[in-house]
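One chain, chain A, appears in both complexes that follow, with chain B as partner in the first and chain C in the second.
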Partner chain A sequence: MVSLSQIAARRGVLGGIVLAGALAVSSLSARAADDTVFIPNVVELSGAGAVSGTNWRDGITLAVEEINAAGGILGKKLNVPHLDTQSDASIARAQVQKVMDDKPYVILGPVFSGSVLVTMALAQQNEIAEIVGGEAAAITQRGNAFVFRTSFGQQFSMPKIANYIRDGLKAKSVAVLWVNNDFGKGGRDNFTKEMQARDIKVVADISTESGQVDFAADVVKLKAANADAVFVYTNEEESARFLKEARKQSLKGALIGETTLLSQKVIELAGEAANGVRGHVGLSSDAPVPALATFAEKFKKRFNYANDHNGIKGYVAVYAIKHVTEKIGKFDSKAFAEALHGMTITPDKTPGILMEATWDKNGDIDRASFLGEVVAGKQKIVEVLPKLNK
Partner chain B sequence: MSLARILGLLAVLIAVGLLIAAPTMLRSYGVYLLALWSVTTIAALGLNLTLGYAGQISLAQGAFVGIGAYTVALATAAGIPYFVAFLGAGLITFAIGWCLGYPALRVQHHFLAFVTLAFSTLVFLVLRNEQWLTNGIYGINDIARPKVFGLSTNRNPDFYYFALGMLALFAGLQWWMLRSPWGRAFVAIRENPLRAASLGIDVRRYTLMAFAIGSAYGGFAGALYAPLVQFIEPNSFQLTYSLKLLLIVLVGGAGYFIGPFFGAMIEILLPEWLRFTQGYYLLIYATLVVILMAVCPKGLVGAVALIAERRRKPPGRAPGPGGTLDPGGATPGPTGAASASHSR
Partner chain C sequence: MASFLQLLVSGLATGAIYALVAVGFSLLWQTSQTINFAQGEFVMVPAFFVLVAMHTLGLPFWLAAIVGIATAALVLGVLFKRIIVDQMLRHGVLPLVVSTIALSLFMREAVKDFYSAQAQPFPSLVADRDITLFGVVFSAQSLALLVVAVAIVAALHIFLQHTRFGRMMQATAQNPTVARILGIDVERMILTTFLVNAVLCAIASILISPIYLAKFTNGETLGLAAFVAAIIGGFNQARGAMAGGILLGVLDNLCAAYMSAQYRSAVPLILLVLFILFRPQGLMGRVEERTV
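For the complex of A and B:
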């Protein structure tokens, strides 16, 4: 007969074995081989950010395949594993912590601003540059010398939108509908500030949830506000759902967005309801820039879907790494960060950069951007806005 | 001392030794994960007390971790010493847990789950919308790690030892509590409140106590979570986090003292080991959990106890009431608790 203490002991034995196994397995981790350079991509591949993150990843994959096929950078092939943050900031931090153990040269991602804010401190501590897709204004305002953007921060894009609403649309009142996460809230705060500075009245200020499905009540509120223009600042899927509901209820007033609302993904999802949407676009495959169109073709051929701005951002990030590394002639993370500050990369020297881009001392990017409109299910660029500091 | 007992003690000693030696074997990320495991286990120990021992379903444990984390983050930013804030986090969550326990006196089972679910949502909304206090959706960044006895815990191994020490402290406390009349009273209430009352147990007081202590464990875990991750935001403490903690308790084995240790290990480490499967890792992880729960609904430890029980009993006889006492002596299988509650 087995006594209680024996049962307890067996449990203890099992516990010890499981624990020992657990510890042994977690100590195993692959190290990059010497003839490759380790550039991990930590990004949103599941959860709310999956649409952006997948595009970003595929843009990177395309660039890495091209560069590796051409012999790599300084003779070394790129080793770019993709690590999922599950769109959760604490997991993003853990993943960046993980890749730090293998001494990365540069880190790519994340795309979600909250995840960028939590990981960039780690990158700074380890003096490793992080090339991110986040747009929250705060990212480049913390004096972190190791964070670099691939798209405009909200503090650059919102004045452009605001000027367009004042001069292009000549609107006297606006309503703003935003998603209540760090991306949406940051955009909303910057946007309303710019509106106040231009004496345009914000007549409705509507917060929505990430992953929200039903926008009927929000559209009713917008109809009641009767604004000249409605500024919509939500993530891709929510933008599409909102546009469908707005069309269903025949919402009046111009629908204005910033990059996301006019993105390929939203147009695909919203279909006919996206027609007539206008706004500022940081990056677009439909821009009158041949390199962007060529990129879009390559992307479509490789992944069998149309890219959005995140795909371009990921692609450009890898080519920026190539350009800077060849310029400094070595794989030195600190020297990389120093060199990229104040650097202008032009497509004639590095075609993969697609459009001339300059990084300032804060890591903010500056390049030409566009005003666009969705016409017959296609994004049409109506005006090219020059670089800010040119 | 029997051979089995010596082997058992040896296994526990090896496990503890491995945990202590882990930072010398693992790299920074592995140590970080083990620290996260320690913190999560403390939160799960609390939920195990509320759910596994006292039988009160709570979907608010994640919210309590959030309250603890925000308390420490805000208090230390205001210049209050870490350990004062740490105690404050425990006290605040104890008080809130006590108040949340009142509905538990009136509603049971899934109705109670709804009440705690509503509370969880309420906490998320307060954390997100009261920007003046919590910095809203942007969260709180750069949370300082504490100094323990004058030693900095900025390095991951140092913080891991601190978290492991706290886990040992809270696990020891619960071990003691479960062997005390309190633990027996909790189990008695879970199994048969009327009978418990007839034996002189103040059902009202012990129900509130179970909620409050379980919640305080969540608060203490949060007080460790904030300096570990050094960034907190409302989204981290949404309902999904409470559900994760619930899963940890159920997978480990609700009502078994060592259940949460294994549950947290599966929840935190298994997805990491499966990452080599690239895009499929969450899918495989979820499938494994479904299979595990289908095969052993009492969780991992419950399954082991059941196997041991079957081997003990001659074939053809069902396990009798109170027959699955665990090493703590206070964790009978759900069928035999009432008899165990007054067995001493």
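For the complex of A and C:
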């Protein structure tokens, strides 16, 4: 017969084993955690932003694999889980909130400006740097010392495209088609401001919806406007659908874009309808920069598709983290943010940065950019534009 | 005037696609009292059957399209009926409705995981050429889409109204018990309806995907539009569903052009509410009496 004291003793032994096991597991995971640095990537892997987010994720993956294979950063391997925002700002915020519990060193993403705008305050409260793919001007105009871009903000790219419309195309009137989200609204506001400053008349101002599939009515309105040029500022999939409809209805006038309209994915999706599109490109694998071409080859080999600018943005973001961390010599989120402001990273010191880049006091990036045109289903760079502050 | 004509043609082309899908809704309801809430996904999936046939099996587009339609007939017609409808319908319409909603989610997520969340380019049946009619420039693609969709809907109408097999299908739809007494193979008629629906969805998929691009979310837009089209046209009349689809496509385009793009997605829902309130049987439908 087993007495109560024996049962209690057995339970004690069992409890001790369980406790010891738990401690062993937690010490193992603590050791594992010591060996890695947590840099979550919160990004659009489904929904309207899937094209941008997937490219961004794969650019990051490529950089992480390279860095980890070379020993990591300061001896620690990068632990970069990818969390899907579903292109929804509220989900993006929830994902960032979730990763905060595990004390990230830096947060990567999101790419959609609307999602960036709702997550960056959270990162600021926790004093964690956030490297984002969003281009809305408002992102870096809110005095948040913890947000950084890897692409041009609209306040930098729109003057470049406006100059091209005035000097290159000599257009007197322009129609604007923009997507009704934070990215599109910010772009449209900056673009129309730049048009007014150059005395170019905006004869049609057409907003479309994110994820819109039917552009027939929009193209009819653009045809009626009869502008010298049509400026298209929508996300990749909508851009491709618009170009197909524009081709279908034989829309006349130069089709001008800023980065997305000329991106590799849009060219692939729109096919022949993309031919003739012109505009400003912040980053391009077709640019006359050998490092970008090498990156494109590696990307294609690894993921079996051609990258767009978002792939480059993601790749550069991880190498910027590597450079800054090695510079400050520790994993300190606050020190990271302080150091990146005003820093210039050059490819001779950090080849993964691909092109010389400078981050200003607001977290905006400055580097060379390009004017491009789609010719026979390929993006052709026609001019290299220097850094703004050079 | 030119703009209006252009909008009209674009609206008719889109509406014809809605009509194809809406007719499927209506046929399924008439023959088997089945409301298929995965109907939008039934249009989305065949495009991926075609892409798989092209990219994995290396088939040319026209052959891949045939394979896509055949696969859709098998999977979305026969298997859907045997595995889901036959099993669930014996428990009532509500479990079947819930099952088709679950099926739509499953199909969406499965395509996303299997093929990626990104939109895929899809070849067009027609070469990229312009045709000028009445001083307005139309693309051959737009006109072909309209012609093919209208021809299929018309052929289906003739099949249902003027062939012995079509009349047997209609008899089954109107009263399966009497149809059985008259010696009609009711099960065969119902299975044929599911096959017809799957083929219509596959054709709609092949017609619409070059414009919408092949993407796992396409079914959401098309399914809702076709459902509303079927209701406003008359859920129990195939020709009503056709009319509803075309009306919706035209109104959608006119609203986006002359009112606002932001409100275009509200148009189907406003129409739906108005019809339910003032003409629940739809434009061409007949009032169904409840039997006790």
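To be clear about the criterion, the second predicted complex is superposed on the first by the 358 of 390 C-alpha atoms of A that agree within 3 Å, B and C clash if a C-alpha of one lies under 4 Å from a C-alpha of the other, contacts with A are read in each partner's own complex, and residues count from 1 in each chain.
Assume a contact is a pair of C-beta atoms (placed from the backbone, for glycine too) under 8 Å apart; a residue touches a chain by one contact, two chains touch by 3 or more.
All values derive from a computational prediction rather than experimental measurement.
Q: Determine, under the contact definition given at the top, whether A:P386 touches first (chain B), second (chain C), both, or neither.
A: Once the two structures are laid over each other on A, A:P386 reaches no partner at all.
Q: Between chain B and chain C, which makes contact with more of the residues in chain A?
A: Partner with more touched residues of chain A: B.
Q: I'd like to know which partner A:N180 touches here: chain B for first, chain C for second, both or neither.
A: both
Q: In the overlaid three-chain picture, which partner chain does A:L83 touch, first (chain B) or second (chain C), both, or neither?
A: A:L83 sits against chain B, while chain C stays out of touch.
Q: Taking the superposition on A as described, I'd like to know which of chain B and chain C A:A138 touches: first, second, both or neither.
A: A:A138: touches chain B, not chain C.
Q: Figure out whether A:P351 sits in contact with chain B (first) or chain C (second), or with both, or with neither.
A: Once the two structures are laid over each other on A, A:P351 reaches no partner at all.
Q: Tell me the contact category for A:A50 with respect to chain B and chain C: first, second, both or neither.
A: After superposition on chain A, A:A50 lies in contact with chain C alone.
Q: Please work out whether A:M100 is in contact with chain B alone, chain C alone, both, or neither, and reply first, second, both or neither.
A: first
Q: Check the residue A:G114 against both partner chains and state whether it touches chain B (first), chain C (second), both, or neither.
A: first
Q: What residues on chain A does chain C touch that chain B touches too?
A: 45-46, 180
Q: In the complex of these two chains, what residues of chain A are touching chain B?
A: By the definition above, chain A touches chain B via 1-20, 22-23, 25-27, 29, 45-46, 82-84, 86, 88-90, 93-94, 97-98, 100-101, 114, 117-118, 121, 138, 180-182, 185-186.
Q: What residues on chain A touch chain C, complex-wise?
A: 45-47, 50-51, 54, 180, 206-209, 211-214, 216-218, 220-221, 223-224, 237, 240-241, 244-245, 247-250, 265, 268-273
Q: In their shared complex, at which residues does chain B touch chain A?
A: Of all residues in chain B, those touching chain A are 2, 4-12, 14-15, 18-19, 22, 25-30, 32-34, 36, 128, 136-139, 141-142, 156, 229-231, 233, 235-236, 258, 261-262, 265, 269, 272-273, 275, 278-279, 281-282, 301, 304-305, 308-309, 311-312, 325-327, 329.
Q: Can you name the residues of chain C that touch chain A in the complex?
A: 3, 6-7, 10-11, 14, 112, 116-121, 128, 130, 137-139, 141-142, 210-213, 215, 217-218, 221, 252-254, 256-257, 261-262, 264-265
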